[in-house]
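The structure appears right after this line, and notes come after that.
In order of appearance the chains are A, B, C, D and E, and numbering begins at 1 in each one.
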Amino acid sequence: ASGEPAGPGARVEAAAAGSPAGQPRIAAVIKGLDNPFFQAMKQGIDDQARAGGVTVTVQAANSITDTTGQADKLNGLAGQDFSCYVVNPISGTNLIQGLARLSMLNKTVVNIDSPVDPAAAKSANVKLATYIGTDNVEAGKMAGRRMTELLPSGGEVAVIGGIAGDVTSGARVQGFQQGIGPNFKVVQTVAANWERQMALTAATDVMRANPNLVGFFVANDDMGLGVARAIANSGKTGKVKVISVDGNKDALEAVKAGTLDGTVSQYPYAIGHMGVEACQAAAAGKTLPPNVKAPVEMITKDNADQALASTPKPFGAYDDPFKALIQ
Amino acid sequence: MTARPEPGTSTDGALLRCENVSLSFGNVRALVEVSLTLRRGEITALVGDNGAGKSTLVRCVSGIHRPQSGRIVFDGDEIDFHSPEDAREAGIETVHQTLALVEDLTVWQNLFLNREIVRRLGPVALLDRRAMQARSKEMVSTLAVNVPAVRSRVRRLSGGQRQAVAICRAAGFSSKLVIMDEPTAALGVQETARVEELIFRMREEGHSVLLISHNFVQVMRLSDQVWVMRAGRCVGGRRTAETSGEEIVALVTGAAGQ
Amino acid sequence: MTARPEPGTSTDGALLRCENVSLSFGNVRALVEVSLTLRRGEITALVGDNGAGKSTLVRCVSGIHRPQSGRIVFDGDEIDFHSPEDAREAGIETVHQTLALVEDLTVWQNLFLNREIVRRLGPVALLDRRAMQARSKEMVSTLAVNVPAVRSRVRRLSGGQRQAVAICRAAGFSSKLVIMDEPTAALGVQETARVEELIFRMREEGHSVLLISHNFVQVMRLSDQVWVMRAGRCVGGRRTAETSGEEIVALVTGAAGQ
Amino acid sequence: MANATLAAGDREAWSARLKDLGFWAEWAALVGLVVLVIVFQALNPTFLSAGNIASMLVAAAILIILAVGQTFVIATAGIDLSIASTMTLGAVAFGQAYAAGWGLALSCLLGIVASALVGVANGVIIARGKITDFIVTLGTLSAASGLALILADGKPVTIIDPVLLSLSTGGLGIFGWSFVIAVVVALVAHVMLFHTRFGTHLLATGGAPESATAMGISTERIKIAVYTISGTLAGLGAILLVARIGAAEPAANTSFLLNSVAAVVLGGVSLFGGRGTIIGPFIGAMLLVALVNGLTLLGVSQFYQPLAVGIVVVLAALLTRFQR
Amino acid sequence: MANATLAAGDREAWSARLKDLGFWAEWAALVGLVVLVIVFQALNPTFLSAGNIASMLVAAAILIILAVGQTFVIATAGIDLSIASTMTLGAVAFGQAYAAGWGLALSCLLGIVASALVGVANGVIIARGKITDFIVTLGTLSAASGLALILADGKPVTIIDPVLLSLSTGGLGIFGWSFVIAVVVALVAHVMLFHTRFGTHLLATGGAPESATAMGISTERIKIAVYTISGTLAGLGAILLVARIGAAEPAANTSFLLNSVAAVVLGGVSLFGGRGTIIGPFIGAMLLVALVNGLTLLGVSQFYQPLAVGIVVVLAALLTRFQR
């Protein structure tokens, strides 16, 4: 329900942008730099742009915490002659200023992945053409439900998060806590700064402190692989479950191999892909649906093969309302 | 072996009196029960071999070190300086052997360090650079032959030029006692003559001077009283008029008893 | 005004010859067409006011600065040192005025800096600390009266003790020319006497010595030849035997023509 | 007469300076900035458009303010590694107070005070405890971000306030308010450093602490003062940060730390203390911001940007090689 | 006879040293480590279990190796900010070579060579270009991580190799192989620093570069050498990192940077150069690892951990206050 766009009117904007032949020039500002999740997103953007014959510039923040740097990049692009902006803000508000400027210029703004804070958007007169993404809280919930499925009798679990205070990590962890059954007890939450090496060390320590631990929830795949390694090192493979979020290729392979017990795949590829489609649709003067749910899958050993075969695209069918608009 | 004030030196005219001052660095006994007296309005010399403890004594008087035992009386009051600032406020200016100039600051900034001239502009006090530069120029040219630019950094100066700046700084501000630790060591003949003139002038103006020097000819020429240190101890003091260079050398080398 | 080698000094026995060496720092002309000659096996003195350019000339000869014009001939070859290492390799050891000791290293480490004694253990060469410490002890005790521990850091030493260490370092290694920039400035009487002895001994052993000093009595006592600098120029040279302290003073102050 | 010679000396000094390579090295950051501007403008004409200049200036404001604080510390031969997390703590304190209904002014004050207190703690521990600056501020880096997390319970607080919004979007022509504030801060800092006793004592403390002590300067008091200044400026930065991103977040703003030091060093200030300018770090900060902005405008790929930033930083620093 | 007096001096020096506060300060990191161990053991008995000790030692190995490299640099009054990203680049180079089928030995070599080259670049630019260490290594920090991203195309490479696996899991009793390697590195470094000419020249370069130059030491060569050593050790660290996590990632390992410097400073090495030990940084690294391990074992909340780390770091540093 979050990420409700603050206003429709994509048609007017596309016209105002005056793009020749309805071809948008797209600028995308996404989050990470060194994280495969956002690379898949970029790949989705690039692939669809190539397929649709539109030009696109993708910029990313220096790191997942670089709120002001990301704002600077959007501001840098805002002054240029782009007709459509695809943004994946690090926090709910950090891009507000630049977005307000874009709305003033009547540019199309497509919000993907992490939602812009609706209240802030409203007060700054930010008009979002559409929102495409999955809720990180929802992803966490799926992981929690999967954990409950794997361990019906519950037990002690631990959470390995990203940098302490990070918004994405916080939402995923919050979701996980909501998703697990009442028999579970979260004994510890450790911040491993999104680093695989730190996650490995932390998981080793946590298992030592809590010999009865039955599972880990890890806020992204990269750290999840570190935790899986820690479990293997201490000979507890299978005895301690790990579930992470993202759906990167390496993680899918680990799920297939059984070292990872599941990953919530959010399909950043599809999100990026649809982001560009939304721009195309807006440029063609179509009215965009305000809120589009991106596909999300719980990948387990059963469907890991399928997932791997189609990665980075989702293996199942999913609802893409923009496809019809740009046909 | 321990020295005590000469019978001849009455303590009435004493400006500074050290009594059994001791200080060790680890197992180096730099000062061992040093007692000596400086009279008001006189030039007092302190001589001794390298490593005898002269500079260490100076540092005790000027607030850099605190003696581990013994007491120091200055101008009638027992002093216990916690910092060089205390000593400067009490009226003791020092030219340290290692100069204590700030190499990255200019000559004028060094001369007026912690004595800056300021103009008040309402609540704020701004530096009066012009005034300080002009005064610095005057001060330095009284001593130096090859006068360095007052706005060049001290780092650029020759050894003797630095020495001149350090002496100017100590002499330029009225104080009761000016301590000079080997002030003319790096100076040329002309500059040395000027510094000696300056020292006499200071005595005339009523300041007291403590002079450390290895140049016994100079010591005999300038001083009213000589104290001799050897291996951390003060081994004797003489009125300059009543002694000779040979006697002082004998005291320094330990060839003579007290 | 420009000085040229004295008619009396034949250039045959010359170990070092500077010809029209000039060097400016920004707009400070530190050396202006300096020409002078040092003879083999002699003690040559260089005198002049503070800031006259003596140390700068020394730094040119020992490879720290490179002259902007002019040439320097050492031991028959024109030299163009790119670093002090070149100079040391050519056989020039220098005691700099600012000492050039490493304060955080110990006395023995300083004495053997870049001249370390090593023991070969297969492919690796390890320091022979004991040997260096023992030799250091000997070296320092020839000069110092209050001998500092060779394993204490130089930072801890008194002004004169440091000077002694610096001199030991330059004297302790065989070289063709030893340059000493005001070596006895900080030294006591006894230490000064020992250094003077050392300088004579070096001459006897066939080394040449370039001595910079503000002490004209010392210069007259020690040297065979005196060169005088004034404001960056070499204003004259004399055989010591043929001149007097007064003449030298007159040259330094500019009271006499060449 | 003395004045007349002085003035003559002035002119002479200037003309000599202009010929001196060292003079240009002092202005390395400026030379670098000018070169960068010319290159970017040639490659992409929107670079010098009013809109882009305005957004660069606004983007530079926080970094300038932090760099000024860092300059004071570095001029005393210290370093403030905690500057970015002190800012985070200030932002969180501000955010919590605002969310608790304290009102804008009071919340701002609280944010600045919280940051200033971290600075005071730094200064007191360093000066009185005689511990290396690096390790103390490394400790407070960690401690301040911990405090921020605890205070905020790890969650960001969205702050929507019309005054803050106009602070971050309004301004005088192309000069956004936050840039104007940064300029004022830099001017005051310049006067403090070069026209007050405090400034001279600060440089003496950095250049030769023992000599400064021997001249009766309390280096302890100077140390405490510079860290307090740096903390306070971090607090001011925190307000601008909240205004800019519309939220008070407890997550660390790590990039500001290295960038603030980089701006100072690019500005020609020696890390060994004793020398410094304010204009240098100011321009250094602008250089860093212009660099990222330009690379973004040119659409340099995200993977190549760090490489490009690294190379330009080293090249800009090469200009300072003639210094000293 | 000379030898006899020397030996007597030795004994005297030792007994005097033990009474000297300064002596204890040199061992501040050790004192801190012992205190920490006692406290943690009292609060949680698993802390000193063989298993936990083993995992702490393994976890410390990489940090120790980086800290040793950093010590060489810091002893010359420099700082290597690029050490962590150089490691990243080494890991990526290794990973790419391995994935391309170069075989383990060759790939390891390539990884180390890639890192060493970054070190050489650092050294050459700093020494020949005469630019401040800080800014050059800040530049290569950025450039190396950019290169790593480009090389890896932003993606991690999973590496499963039995030799690597046993490197990260096997060992001599509780001493994992990687810890054993770290100890060997530290021993060699100690000998280099204190028993070779190179070591003395290095300390002279750090303590008084001008004096060192005047004595004919080529400070340029020393600078290049220390950065090359630091880069090479970062490469070795990269191999251990890949072995540990089973993958070569282009991710920036930022925490290693500040931790490596912190270990060195906690180990009593002055950032102003000219002095240093190897055992100090070694223990400093152990201290940092034990601290995080202990806090995790005790289940200290993630929000309180940074605060605790900060406080302990400052307290440990307080022990060094009597130093100098």
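Everything below uses one rule, namely that contacts are C-beta pairs under 8 Å (C-beta built on N, C-alpha and C of every residue); 3 or more make two chains touch, one makes a residue touch a chain.
What you are looking at is a predicted structure, and each value in this text was computed from that prediction instead of being measured.
Chains that touch both chain C and chain D are the following: B, E.
Per the C-alpha superposition, chain B sits rotated 180 degrees relative to chain C, a value rounded to a multiple of 5. Greatest Cα centroid separation from chain C: this falls to A.
Of all chains, A has its CA centroid at the greatest distance from the CA centroid of chain B. Each chain gets a centre from the mean of its Cα atoms; for chain C and chain E, those two points are 43 Å apart. Remark: chain A and chain D have CA centroids separated by 34 Å (rounded to whole angstrom). Taking the mean of the C-alpha atoms as each chain's centre, chain A and chain C sit 73 Å apart.
Chain contacts: chain B has no residue touching two or more partner chains. Among the residues of chain E, those in touch with two or more other chains are 145, 149, 153-154, 254, 302-303, 305-306. Annotation for chain A: residues touching 2 or more other chains are 33, 63, 164. Contacts from chain B toward chain D in the complex involve residues 62, 64, 83-89, 94, 96, 99-105, 109, 113-114, 116, 118, 124-127, 129-130, 133-134, 137-138, 149, 151. Put simply, chain C touches chain B in their complex at residues 25, 28, 48-52, 55, 97-98, 144-146, 148, 156-161, 163-164, 182, 185-192, 214, 216, 231, 249, 252-253.
Chain D meets chain B in the complex at residues 2-3, 6, 9, 13, 191, 194-197, 199-201, 203-204, 206-208, 210-218, 274-275. Taken together, the chain A residues at the contact with chain D in this complex read 33, 42, 57-60, 62-63, 65-69, 71-73, 75-81, 91-94, 96-97, 100, 117, 119-120, 123-124, 163-167, 170.
In the complex of the two chains, the chain E residues touching chain D come out as 81, 125, 129-132, 134-136, 138-147, 149-150, 153-154, 254, 258, 261-262, 265-266, 270-272, 302-311, 313-314, 317-318, 320-321.
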